[in-house]
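Both complexes below contain chain A, partnered by chain B and then by chain C.
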Partner chain A sequence: MKKIISLIVVAGLAFVSGCGKSNSSSGGSSNVTGGKKITVALMPKSKGNAYFISCKKGADKAANELGVDLVFDGPTDPDPAKQNEIVENWITLGVDAIAVACENREGISTALRKAKAKGIKVVTYDADALPNARDFFVNQATPEGIGYGLMDEAARLCGNEGEFAIITASLTAANMIEWQKYIEAHRADKYPNMKMIALRPCDDMKDKAQSEATALLSANPNLKCIMAICSPAVPGSAEAIKQAGKIGKVKLLGLGLPNENKRYVHDGVTDSVILWKTEDLGYLAVFAADALAKGDLKPGDKTIKAGPLGELQIEGDSILLGKPFIFNKSNIDQFDF
Partner chain B sequence: MHTAKQGFRAILLRHETILLFVVLLEWLYFNSVGPRFGSVDNTFDIMRHSVEIGLLALVMTPIILTGGIDLSVGSLLGLCAISFGKFWRDAGMPIPLAAACTIGIGALAGGLNATLITWLRLPPLIVTLGTFSLFRGLAEAITRGADTFTNFPASFLFLGQERWLGIPAQASSFILVSIGIWLLVHRTTFGRSFRAIGFAPEGTRYAGISVERRLAMAYVLAGIIAAVAAIIYTSRLGQAKADAGMGYELFAITAVVLGGTSIFGGIGTVHGTLLGVAAIAVLNNGLVHARQSREVAGMLTGLLLILALTSSIIPKMLASLKTRRQTLATKPIIT
Partner chain C sequence: MKKHFREFSVAAALAFVLLGLAIFAPAFFQPQPLLSLLTREAPTLLVACGMAFVIISRQIDISVGSQFAVCSVCVGLLAAKGWSLPLVFIASVSMGAIMGAFNGCLVAGLRLPSIVVTLATMVTWREALRWQRQGEFVNLPDGLQWLGLSQVMGQWTLILAALVLLALLALATKHLSAGRFVYAVGTDAEAARLAGIRPQLTTFSVFVFMGALVGLAAMMNVVQSPQVDPKSGSGLELKVIAAAVVGGVAVSGGRGKLWGVFFGLLLLACISPALTHLHIEAYWEKAIQGAIILLAVVADGLRTRKQRN
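== the complex of A and B ==
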């Protein structure tokens, strides 16, 4: 009997050790240049999210080019303490730099400050922590960049004149209020013949967005363009325009992920989807973390030369990824997230 | 001599002993692949990360021993965390008073479970499934899902983040609760009756034991300790939000069952639960040091659970098979 038990235990451990060997080459082929190899640990908000999987693609590319040993891990369940635990594990593991997309701004800062105190360089990307908990924030898009980008594209689609409406997540969401401020400022400044006639909340739900868009379409026959500034509102509005039979007559643009809009873009319902290139974001996060660890990037620097991304601006302690990217019929199939 | 050998063999085959070997093997394996795994710092990391779930598993043990279950402890941790934040920030209470009031909330919530289970005689699974949603819903409603409590004073954060007497500060409270629960379950008649209830509730009642009072006590205790876990959690993260402790009830139940407690009640030990907590915690931490991704942890925890359960059942099955074969062999064949 004892034999059977020990057999089971040994078999179990053999399985564990088998798993252990398979992953040692996650850093990819690298050109170690004599000195110590830098280890960068990268954390998404959650692991299964297509957005972050796409970030990781860019991160892997950066790790390969720079000869960085990349550790990638993140929460797989909704436990907010997980990010902290992973960071604490990394501190013990002795990584050189950490790059985190923060789920909980204040909560994660406790762990990140601890990492900084141990001499580990800390970068945040996608979503920031408290400023004193990290060295740099890789900012994928400023509110100004998003606001101006949306307004420019809307004006281009409408030929610089006509009525447009905005569908937002909620009237109180801080980031969206910020974007609207810049949309309006840019409109008043550059496109005085464009007129915003309505601002409707969709509670971050696709079906609510659809009914709001339907109502907008029937109430405003002169409506030329819908601007959907939260991601569920883009496919929601597209469905409304399609069902109202106004494809082509009413333009649609919005902030969202390429994958959930591909169908509508190909059908000609949605004209433009605006977002940043997530691969570039992952690339830059690892690039900046590596540069910090090597001492090539220091507080107070005004620019950073990030390989294929070129020379990027640094505003205070946030590294700007640059202008948002416009996905449309011609390029959307090249992206998978 | 023969009996001594038998006794040794019985101890060796005991579930807890096997589990202890599993923990040791895990430790040895991870120590060989992760250079920093065996360090003091990492050992303290493991302790720090497993205290909240460990506390919940500890109080879950008497409940499962009675044949019950408490699915609401994770949600209650969330409710207590934001209550604590409310008491401190919005009601302006000093930390110790806020902590005391939070424990009061935990006791009340545990009392609600206890009342529904003992007075109305509703099944614990259904009752705590209800309060599982209720407590989390309350926490979300109070904070509207977005309000976050932070900026706690450093003296409070000490509890979750610093060392006291050389070990992580929260570990001392965990050790105290462990000893307390162990003594309660294994060394008092009160605690022993939990197992009696699990074996045969009606029988226990006929034996003159107040089953209701003891059941109620187990659920109130769970509420109180969930509140303690909430305070430690808040201190460790430096933040209280409505999503605190999400999914912790299942981790706690896993640890208890892995520790050899029968889900039908009646059988189980507190030290088994502690080993169960250790086995899961070491696995989760060790996989990071083995450069393994997190998904593997969930898979292996499941595998470990199934393995542990079967390894304690297989010997019994083999034994019964053997006796059956023997009786078959000796049985006269009637044609």
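== the complex of A and C ==
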């Protein structure tokens, strides 16, 4: 009986909204809890940022498929105070779930705790809040995933043997030291014929990365591959390889954003850019928020079935987006961030 | 010889490093990487010359790195809007000069200490840029790189432009009265005033000139690659102050030669690629550069003490 009523309600909603989204209403019986449509509020670090615009695309897709109302708001510029204000508004508004990319870990936690106390489900994505201020963190990449992903791709590009060098942001950056640990572990384990010959810091600047890569190329004639593990180092190294006339002879891969690297990828200088699919991140944030609000996702769960993303692992209270995504010549133009 | 002992000792140190590289890492002397290294340092040389003037006039400007970034991003955005190269060039130099004038007004007009004023502008410009760009690169239109020339031609153009400017500035400090004013104000502002020089105007001009040189340098840097990194120029202030001090510019003002600065810059710029070529770990880079700077300052200190006695 209840199911029939909810079907009528959903059909009615679809009719009223007039969009004719037949797929969302046909599979819609599970969208409605107690006859009420779920509202998920999604906040980026800042609204104008291409990265988050791309996240929102995925979020819209999830909202469409799941039939949830998506509220999207955030500061125009990364502003922790403004983020708090928006969360307060959402509490007043009475949304069912909130998904936030936190600009300031501590700063936003008080507001999120308040939301939780009011029974609103809270998910963080991209950048976490304090653990007690949210239910789950949608984690786009683990250090292990990044390290292994980089090493696998480098080995693939080099044919499993040869010398490679790493350009990092600084020798003291904690996250990069962590990635290097996994890169080295994976190398020793899987690719013993690959040899790491140098580690150079670029101070997180493109220009310095270019100088470093130029010196690396001339000092190491057998160098087969440069692995740039901070984003400015990828285009910086690419420019160095291009100027040295070593396109194709020296492979280049790194962690970075598609837009910063498109030109070099098309010129064949940069082979692979590794990151996660931001659309999937947005999709998963909304999916998880919705599942929490519906009670389909509970603390202690080990996996979550997230529609087209398949079954994803949950480690403690972070939902893992999975392996990083590799952008290359064949797919990089589909992404704009 | 004795008068220019400091400058010659820097040149000798550079020759020593190059000799060492020739023996232990001859691969350092390949034409392409060397040309690339010099091209990368050409803009820095201009900023270092400007910094030399600022220090000689007994001031400091630590906002040059941020000015550099602001000018670079402006160049990128204007070029992307379709402005022609000469217009972008003028815009960049004026932008730098305006930021320099801002520092100059506060330092010379209100007589505030330059370290505090430029610290404030350094942070302000940098954060304004972060707020505006959110770290996003500016993609330049095709054809801007190397001023539309071939890579090698473009590189030589930039290097020669920097060297010609260096020579002109060096001559100007010697033969133009404006150049002498800077030394006079840096040696003793009161004595300069009594001699009919206007110290505040000189200081103001030095800051404006510094800014204009930064604008020019930013332009020369932007045309070296197809994208502008809004973080470019971070740490530039330290690099050029170090080059000036190592090159024999006295921190106490009033003394220094631009050709000394030239060798000082080259010496410091060689360290990082030299370590890569000698396969020494990067941990040493900053330590060695620091030691060189310390050595230069100690040499200065000893010399002043001797003069006093």
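Worth a mention:
The criterion applied here is as follows: the second predicted complex is superposed on the first by the 301 of 337 C-alpha atoms of A that agree within 3 Å, B and C clash if a C-alpha of one lies under 4 Å from a C-alpha of the other, contacts with A are read in each partner's own complex, and residues count from 1 in each chain.
Note that a contact is a pair of C-beta atoms (placed from the backbone, for glycine too) under 8 Å apart; a residue touches a chain by one contact, two chains touch by 3 or more.
Since the model is a prediction, treat every value here as computed from it, not as a measurement.
When both complexes are overlaid on chain A, the residue A:93 reaches chain B alone and has no touch with chain C.
Using the contact criterion defined above for the overlaid structures, shared-chain residue A:109 touches chain B, although it does not reach chain C. Of the two partner chains placed by superposition, only chain C is touched by A:219; chain B is not. Contact with neither chain B nor chain C is seen for A:188 once the two complexes are overlaid on the shared chain.
Within the superposed three-chain model, A:76 lies in touch with chain B and out of touch with chain C [touch as defined at top]. Look at A:171: by the touch rule set out above, it reaches chain C but stays clear of chain B. In the superposed pair of complexes, A:47 makes contact with chain B only, with no contact to chain C. On chain A, the surface touched by chain B in one complex and the surface touched by chain C in the other have residues 77-78 in common. Residue ranges of chain B in contact with chain A, taken from their complex: 12-13, 18, 21-22, 25-26, 29, 33-34, 36, 39, 41-42, 45, 48-49, 52, 148, 150-151, 157, 161, 233, 236-239, 241, 243-248, 285, 288-296, 298, 300, 303-304, 307, 310-311, 314-315, 318-319. Interface of chain A with chain B (complex): residues 1-2, 4-5, 8-9, 12-13, 15-17, 19-20, 23-24, 26, 47, 71-81, 84-86, 88-90, 92-94, 104-107, 109-110, 114.
In the complex of the two chains, the chain A residues touching chain C come out as 46, 48-50, 77-78, 171, 197-201, 203-207, 210-212, 214-219, 221, 232, 235-236, 239-240, 243-245, 259-260, 263. Per the touch definition, chain C reaches chain A in the complex via residues 25, 27-28, 30, 32-33, 36-37, 40, 131, 134, 136-137, 139, 151, 221, 224-227, 229, 231-232, 234-235, 272-273, 276-277, 279, 281-283.
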